[in-house]
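First chain A sits with chain B, and in the next complex the same chain sits with chain C.
Up next, the complex of A and B:
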């Protein structure tokens, strides 16, 4: 049995875990569920010593243990299957299996690997390079490696993201076998379906705290409520403008980028729409945005953006679409340049732009967008809200499509409200906004239409005023079947 | 001068010995994900210390203890290896442990070491010093042709031979070698498996530095005996760095490159004697651009449509360690 008592973890000023208690018994599968950023992965990484906790105690069979590094955890029989596989893509399967093992005897390890493959019904060739394998196969290898190490407490972080159904079946059977052998299994997931079918106990985390625990049989609605907080009453979404001309069209677009990729996405977005995309991180929203702007090339399917193929364009054409990435400082702005230089760059239609002209332009922008700073302020010295204001001030007047990732990330309520007011005004009726946000409230308040991404598919596509928080959160956890596309 | 094939090959083997050692040392370093750019300066500094220590001890008498020539030379090589490790340790401390830019530190060190070598070694320039004697291996050296090519050399050449299979075995057939390769691929993954990537990187860099240091002494005590300004080994470090990249981090391919450079250098010496009307400097410098030209050719021909060439070129293809030159910070 493993017990986590009053675990705390802070990253700088952010409190990721605030006194978490969790008890997992041997011979059971214990689910840990919660929204993005609830602290699930952090809690598990604390248990393996991958990150060091700020406070709290860990008991193993009622004896306190100290896990300051994964090496300590391995000695105590704790092993974790990380969400992003922490393996060595350029090395062979057998090398990956052996790396870090205490005894180095290739012949023997080969036999062990073959035996484990047999037990679980996996088929992996020891000589193939890891990068040629699917995510699911890499996960199988990691699982066998952990079992070879004598892991008794097995942690799996979102193990079914990006793997095929067949692989998922094999994995679940393997987990049942391990459970029957007396292992303690901790399963981190956001998929309510698999958690309720597989686990014996479920703990719900929200914002670094335990907000619920249930044993079999589960009350799904209660779990859902605990995960997403008490769902607020429906706010009034902005009025949908009349359908304008199509701005962005996807026709059966497939992509294999990221864990989920995109699976036959077909959708039309018209001028006047504000589309909010919800879903767990990596369900396809980011790939969708980057494919729309031309940063990623789709595997198949057709995309038309303002009547053109979605290539990155230069010059005048480029001024009609704007992408505001989630990581403002590293992807959207140029650290090391000041405000004025950003405005000079954004003008872009003359080779020579005197600093006088640039100064005038940026002074105007600073006044119009109430940016706290002056033209010579370095970009990294601006606060997050002011960086976002600056980005907005750089959007060209001709813009017809704005694509955004987490537009109000790191902004306080006031800045967020200001940003949205400005965005709505900006695209009064001749353009569209498409944004991804982890904040359901933001989507309900600001969008005219909601898309929910789940595993690379759009599971829900409805006008905001025709849906509810309940329906959206069900879709995020994969609990509804695909609805026919609306447009 | 009469050119026989065996003497030509023997010349290549000698000329390439220091380069083999340096390139293998850098391969070891880079396999662990660290770039040691201080190579060229380190070789020069190690050449100086090796020469200085060996000649000091040769004339040193402590009571009845007279250091033999063999002992003084061994000490010279030891000092050179320690110098190499020392510089590498400095680089590893700043570039790995403290997480600063390895490129910047490496560059600074290469120039620092070079100037330090010329400055400290100035009083000993153009002085007579000890030199490794050829040590024909009994029995083996009598084999016709091969005996002359491979087994009538000084000890450091034999060391360079031995280093090749040792390195290969280390990388691909030992637990530690696998760990070094894993760290160069994904230090985070190593940390998750209970390996401390930072100490592995530090150790690999320091061990690689020792090999690089040996290369320096191989110049000043054997291949180009003596110390001076210039010593004659200048520029070799950059060639070794290029070899590691174009040999795609595979020790065998890297060594093949080293022998090819040896060939270019030996040919340069022969041609220098045959074409006296051409300034000798041309032949001394020619191997460097020729080497780079060849490496670029190899690189370009990888994308050829000609099947036969493509098949051959596949032998030279390989990917760099994924984490190379980046610093790892533990969360």
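Up next, the complex of A and C:
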């Protein structure tokens, strides 16, 4: 039995975990659910020694344990199956299996592997190279390695993301077997379906606190309510402008990029719309945005952006579409270049540059967008909020489509409100905004239409004033069937 | 006001760094020499005497300075674009081959100055194509420019040997000593008592100014810098990272090619197997020592050229191998990398 008592973890000023208590008994499967950023991953990383806790106690069979590193945790029989398998793709199955084994005896390891495969019903050829295997098969291997290492407390982080249904069945059977053998299993997931069918106990986290715990049989509605903040029902939706001409059209677009890819996405977005995309990270929102701007090519299907194929436009052509990525510094800006140089690159087309070039423009932008810095400030020295303001100031006047990932990530409430006020002002009557956000409140307040992505599909597509918080929450956790496309 | 203070700060910082690097390198090498029982003062005197004591000696230094500067300028483009152009040696060789190719043609109607100009142009094209080749391998074939460039260096070396021992061999004999000498009128004009052709110095100077202008005062230069800093963000600003990198490779290769052309037209007056004299690799060290900045490059080139020219006398005067100059150059670069690395770490920690 593993017992977490009053666990605290702070990152700087941010309180990621605030007194979490959790008790997982041997021979049970214990679910941990919650929204993005609820603290699930942090809690698990504390347990595996990946990060050190700020306060609290961990008891293993009533004895306090201290895990300062994953190696410590392994010695104590705590093992974690990560979302992305941590293995050596260039090596074979058997080499990967042997890596990290206490003794080096290939013949014996081969027998052990065969025995474990037999127990769990996995079929892995010892000689196949890992890069030829699917994520699900690599996960099976990882699981057997953990078992071989004597793992008694097994943590699984979103184990069914990106694996086939068949593999999911095999995994669940394996977990049942392990459970019957007396292992303690912690299952982190956002899929309510699998948690309720598999687990004996479920703990709900929200904003670093335990907000609910249930034992079988589960009350799904109560779990949902606990997972998501109960908000006042939607009050003031932004004024919906008349549907204009189509700005972005997707027709049966498929992609296999990312965790879930895109599965036959067909959708029309019209001028005047502000579309908010909800869903757990990696459900397809980011791929959708990057495919729209032309950074990714779809495998099949047609896309039309402002009546053109969505190729990224190079050179001096006026930029009618802009994309603001989530990770501003590593995907959207040039660290090592200053504010003025960013303005030169984004606007104008003069060949020769003087030391005065762009100075006036960037000074104007600094004043208009209240960027705390001067034209010669290096971009990496700006705070996240100021980087976002700079990106907004770089949006050209003629823009018709603004694509954004987490537009207010890392911004305080005031900056976020300012950003949205500005965006709504910038949106010309013939333009549209499409944004992804983990914050449902933001979507409900700012968007005219909501799309919920689940596993590469759009499960819900409704005007924000015709849906409810509960409906969106159910769609995020995959509990409604696909609705006919709204346009 | 802020702008001015910032610039002043950088200059002070650069001076401190330069001083630190110099002291560290000098100290290390002196210590090494003392431990080996050799007087650092004697070495210093021999190096200065061998490179700066007469105009003839200094003009010899300048024959090294010019190709080194050209290669350094070329590398500034590729480093700025975030590319490690180790293939620069091959680009020098191809430039030399380009110049030789043109001078071997029988154009009796053209005056020598036109032929020499055309040969310089050919050397630029030869180097640029070889550089662009590495760039295309990277863009189309996913071959890292370091591996592509290194491979192309070997190909270039094989190519030049084949030319010298095969199609371009001397009448009757094939010799590693190179092709036939060009006729006198195809040598670049060098005044009596000079080793270096004034035109070569002018080419070096013009290329240096052009590099400064392109990199610091044009949109193209800023785009190269942007791609070098973050290729992922470039498309969002309408910049093609692959094409920008290719341009940088072609320009860098072209300047290296000019260095090869000068080696043929001004220094050796024929094609020899070791025509690059390793200036491409040496220029990599120069640019690293300059911390990838433009201004220090000609001065460091001069320092390295003095070391290379001065060390020729070491075996005669002090019975010490001339490779000591390489040790000093290496010590300088390692000190520079160390100082810049420590600064960066300190900045990161702060």
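Things worth noting here:
Criterion: the second predicted complex is superposed on the first by the 479 of 487 C-alpha atoms of A that agree within 3 Å, B and C clash if a C-alpha of one lies under 4 Å from a C-alpha of the other, contacts with A are read in each partner's own complex, and residues count from 1 in each chain.
Everything that follows uses one rule, which is that contacts are C-beta pairs under 8 Å (C-beta built on N, C-alpha and C of every residue); 3 or more make two chains touch, one makes a residue touch a chain.
Since we're looking at a predicted model, the values are computed, not measured.
Once the two complexes are laid over each other on the shared chain, residue contacts for A:376 go to chain C alone; chain B is not touched. Look at A:449: by the touch rule set out above, it reaches neither chain B nor chain C.
With both complexes placed on chain A, chain A has more residues touched by C than by the other of chain B and chain C.
Of the two partner chains placed by superposition, only chain B is touched by A:91; chain C is not.
By the document's definition of touching, neither partner reaches A:259: not chain B, not chain C.
When the shared chain is aligned, chain B comes close enough to touch A:80, but chain C does not. In the superposition on chain A, contact is made by A:70 with chain B only, not with chain C.
Judged by the touch definition given at the top, the superposed model places A:50 against chain B, while chain C stays out of reach. In the superposition on chain A, A:312 contacts chain C only, with no contact to chain B. Listing the residues of chain C that touch chain A in their complex gives 2-3, 6, 217-223, 225-226, 229-230, 232-233, 235-240. Residue ranges of chain A in contact with chain B, taken from their complex: 48, 50-51, 69-75, 80, 82, 86-91, 95, 98-101, 104, 106.
The residues of chain B lying in touch with chain A in their complex are 173-175, 178-179, 181-182, 185-186, 188-196, 319, 321-322, 331. Chain A makes touch with chain C in their complex at residues 293-295, 312-317, 319, 322-323, 325, 330-337, 341, 344-346, 349-354, 374-376.
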